[in-house]
Amino acid sequence: MIPSSFSYKRAGSAEEAFDLATEYGEDAKYLAGGHSLLPLMKLRLAAPEVIIDLTGLRELSYITDQGSHVAIGALTRHHDVQHSELLGRDLPLLAHAAGQVGDPQIRHRGTIGGSVAHADPASDLPAVLLALDATLVARGAAGSREIPIGEFFQGLFETTLEPGELLTEIRVPKPAAGARGWAFQKFTQRAIDWAIVGVAVQGGHVSLVNMGSTPLRAAAVEAALADGASPADAAAHAAEGTSAAADIRATREYREHLARVLTTRALTEAAARS
Amino acid sequence: MSIMGTRVIRTEDPRLLTAGGVYVDDVRTPELSAAARLTFVRSPVAHARIAGIDASEALSEPGVIAVLTAGDMDDLAPPPPDSGEGPSEAPAPIGGVWQEPLLAVDTVRYVGEPVAVVITDSRYQGEDAADLVSVDYDPLPAVIGPAAAVADETLLFPAAGTNVMATHPVPADDAPFDACEVVVEQDIVNQRVACMPMEGRATAASFTDGKLTVWHSSQNAQLCRFIVAGVLGMDPGQIRVIVPDVGGGFGAKVGIDRDAIVVAWAARKTGRALRWAETRSENLVGMTQGRAQLQRIKIGGNRDGRILAYRIDVIQDAGAYGRIGLLLPFLTCLMAPGVYDIPEVQTGFRQAVSNATPISAYRGAGRPEATAAIERAVDLFAAEIGMDPAEVRRRNLVAPDKFPFQTKTGALYDSGRYEEALDKVLAAAGYDKLREAQQRRRASGDVRQLGIGVSAYVEITAADAGAGETAKIEVKDDGTAVVYTGSSAHGQGHHTAWAMLVQDELGIPMDQVTVIHGDTDLIPVGVGTYGSRSLQLGGSAVHKAALEVKDEARHQAAAMLEAADADVVLDTATGLWQVRGDPDTALSWAQVAGHTSGGSLIADVSFAADRPTFPFGAHVSVVEVDTETGQVTMLRHVTVDDAGPVLNPVLAEGQRHGGIAQGAAQALFEEVLYDADGNPLTSTLADYAAISAPDLPSFELAASETPTDLNPLGAKGIGEAGTIGSTPAIQNAVIDAVSHLGIRHIDMPATPQRVWTAINEARKAGNQ
Amino acid sequence: MKVDLTVNGKEITADVEDRMLLVHLIRDVADLTATNIGCDTTSCGACTVLLDGESVKSCTVLAAQAAGHEITTVEGLAVDGVMHPVQRAFHEQHGLQCGFCTPGMVMAIVSLLRENPHPTEEQVRTGLEGNLCRCTGYHNIVRAALAAAEEGAA
């Protein structure tokens, strides 16, 4: 339960963090809340030689109203996303989902940027941000760039972030007038578990948790909805295009069934909220 | 007014809440101040020959003091020889063909089996160095699960010729069943679960001037000393075992296991004081586990609800080594008929080894398995004849005038009021209203269906009643009392309970009573806490010691007052001795004790009972099943758990609550899983579905007290009853929720996947 | 590396390995052993302490990350020997048996009540999803939390 040895560097600024990452290259990993990386290191499934601690970068923790979108600093903790009045009003799906991540202790440390960069398809926030069509801002060698979230997730724990690139901000567009209905159906056996399957709905956008190696948009469901299908009829397509894993909690068949059931429920719930 | 039976909050708590308990890894004592750390190298494979161990890289790491293997154990007597007798029908000793070594010698038989130890200056270095010990394994096929074990395709102990340690064949007499109008058969899985106390295993040891001191997280220090003395070839007088605070035991910390003995051995071998505390991942493969039975049941009876015959055939998975002999399947067979008066009962078992963590006692140890089987059988029978499951139970319970009741399996139930318990729990649950609510939801085709599950149970406590328990009471010349108990609390609150007994009997206030346990220097003889024995045996011993101290005090006081013994009385309300009717002669305990030549009054006793006692009860579980997802939610859990007069309702309720939660955990969540190669799939708490607060409702406990005449307190044991009663009630409730779809059985744990699969298959079958 | 932090109001300076976990600094360096370790996957919550007044699992925080911050453990809750309302509620409601999960459980509830002074039973249970107990079945722990809330523990 002890990580293997590493060298700890504390970054005083985003600038410094990036410089350290450039200096140490592949030997280094960023540490944000630490509740994705440290558990892996404690089991010795990850053993970076250098840890660049970002937790001091208060300037990357913010939630601000930018008119058409909300800008969230990458180091904003789940707890703060969960309790944000602004998000509760304008992006309730995101606030609600942040409150589902882990437990209260984890939410006091874990960050939205850390969760997104970790890219676990079983995590809640990547799928939610996918449904919200967020844009990620990353700081790299060539300066800052914007990455549409649809292009961000490449595979299991894999993103388009370049080595050393640092997520600095997540921009989440406020839903248009007719698209305010939202829902988040997270199916677990115990409250603390990762989702066996999860479904996030915002307007006509539907995304899936743990139905593949990345979070997925349920494109066939969205197309059916756009064609005027009822929630149940649209939801029948929920498993199309997915590649759900089989594990000790669920077979692939069961996951696909859950995807359909949860999508029906989420769409019905979202419609009631419209 | 007597304090007995009143609600008294615990004397243990202020310290635990403000300074924290002192568990083995917290112990700070001069003997351990320079202690080194011990870290185990464990087998990552389920079954293999050890081709070689290379410690050279580890030895060159900073802080590494030694790397030890079985090859270094030249200071120990060789293990008992292989008698060549093959498996026997008697409880199989550890030794002979089934020999379990301390550190693996040439074969590993489960993932997690200890192979070597690394001794380092610091804890962190230990984990680094252990990673560097290189062990060469030649893998062998893995035998996983009881069915594979008895198939004997791969043998764990070739010299035994089989994996089956013992066979007690079931009488293959079908005639009693042929005479029944209705017969139901079912294969049932009582799945392997992890004991998972919050504190894992931890041991520290120091060997100085020929004396060995061992700190161990255990349920009985005296048994630890006995075992260590035997294995290390030492005189028990040269060994002191100290059991500090223990963070839960549940049967898995009875005595001392091989890992901990290795710590003691290594301390003697190296001359260094050593500390070891396992991680949770080690605990989930290295600490003994529970249950793991396959059960084939057959129940027969008539349509009027009367059960006439019951058969249970058990295959007990022992895991890689038979740690507890044949006790578990033996108790399962002993308690097979439960609370029912069944004319014909046939039992039998086989126990076999497999490439998994060894199985041993876990809260209930053989009795939850018996109860789960008979309670499933009764529900299956009820479903077959179309009768309400509570009504079927009522028609078969042992009648109240039949006690003491000798079962067909040889158990002698002391006292019981089974129908009254059933009535009480049904009333408390509002059973009829629940059935009505269930009907309404069925009629409206509600996605969320209600399930109502009933269990009626009896269980055996203080099964080793004859071994008894010890207690010594010393009343000092300052008027305080010290109780030395052979019991060994690990959460049960004995210090509060024993102090209550002393206050009640001697009139010495609780806050003047200190209770001590768990140190073999102070309490050389004791049996310990397991099998729900402590109140009836340990408490009775305290009571007996109190009476003896009282007699001695009376005699002293009489001498001091120049009166006859018979004329001297104790007022327990004030704690004062006096000549009857003459308050001016009052003497305090302090004065009486101070008058003795030794300056204190001492009574040192043991108490044994003639036979075990049999607490009983009934549970009602109310669950909601989401028929689209298979999700199960516990809505209510209502219980009657009758273990005789309740000394302290606060403590009894706590035991019932904890028991219910562990029983619910087995019914709905927890299961130890292995893949086909014997790799554990649930070896961290992220994967092992330990039950948590949001998974449970608050519980509804009804009171019932039916005494026994087997001890002066009239007490039976409450510690495991909640677990035994809750598992079958909840399992039955889940199946009841979907029984209208034609489902008759779902194995535990009733995970959403398992429930949905049953619903899905029933729907497909229904559509044909 | 050197780490400076405050634990239960006392300033501590320690020279530790970069990889030292906060829970080991608390237990082995600051010698406060009430906080326990119950798992290695951030699942059980036995190691819960307050970091700047908020509950965290100290097994999943590096000592280095805690530098410059304030840690409160259960040993630091009582004031002048008077138990905190949550501690008192645990005592009165029999919210502990073996005591191993208790320090973490108490700190989790202290933090919970600060953020939600009047939780429902459901909110208490969900709020404790990260704290495992094997002895009590949670029934009395929940009652203790609700009793403390009633007393105005926040």
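Order of writing sets the chain letters: A, B and C. Residues in each chain are counted from 1.
Just so it is clear, a contact is a pair of C-beta atoms (placed from the backbone, for glycine too) under 8 Å apart; a residue touches a chain by one contact, two chains touch by 3 or more.
Because the structure is predicted, anything quoted here is derived from the model rather than measured.
A.B. asks: Can you identify which chains form the pair with the largest number of contacting C-beta pairs?
C.D. replies: Comparing chain pairs, contacts are most numerous for B-C.
A.B. asks: Quick check for the class: compute each chain's Cα centroid; which one is farthest from the centroid of chain A?
C.D. replies: B
A.B. asks: Using the average of all C-alpha atoms in each chain as its centre, how far is it in Å between chain A and chain C?
C.D. replies: 28
A.B. asks: Just give me the whole-number Å value for how far the CA centre of chain A lies from that of chain B.
C.D. replies: The answer is 43 Å.
A.B. asks: Multi-chain contacts only, two chains or more: what residues does chain C have there?
C.D. replies: 17, 19, 37, 40-41, 43, 126, 129, 131
A.B. asks: Going through chain A residue by residue, note those that touch at least 2 other chains and give them in order.
C.D. replies: 1-2, 4-5, 43, 190-192
A.B. asks: Two or more other chains touching the same residue: where does that happen in chain B?
C.D. replies: Answer for chain B, listing residues that touch two or more other chains: 123-124, 279-281, 684, 692, 694.
A.B. asks: What does chain A use to touch chain B in their complex?
C.D. replies: Listed in rising order, the residues are 1-2, 4-5, 43-44, 187, 189-193, 196, 248-251, 254, 257-258, 261-262.
A.B. asks: Which chain B residues qualify as touching chain C in the complex?
C.D. replies: On the chain B side, the touching residues are 9-10, 12-14, 16-23, 25-26, 28, 123-124, 196-200, 245-248, 250, 277, 279-281, 490-493, 650-651, 653-654, 657-662, 684-686, 690, 692-694, 696, 698-699, 722.
A.B. asks: Name, in rising order, each residue of chain C that touches chain B in their complex.
C.D. replies: 17, 19-20, 24, 27-28, 31, 33-41, 43-44, 46, 74-75, 77-78, 83, 87, 90-92, 94, 96-103, 106, 121-122, 124-126, 128-129, 131-143
A.B. asks: Quick check: in the complex, which residue numbers of chain A touch chain C?
C.D. replies: So the residues of chain A touching chain C come out as 1-8, 10, 31, 34-35, 38-39, 42-43, 51, 53, 55, 79, 102-106, 108-109, 190-192.
A.B. asks: Within their complex, state which residues of chain C touch chain A.
C.D. replies: Residue list for chain C touching chain A: 1, 17-19, 21, 37, 40-43, 45, 48, 51, 54-57, 59-62, 64-65, 67, 108, 111-112, 115, 126-127, 129-131.
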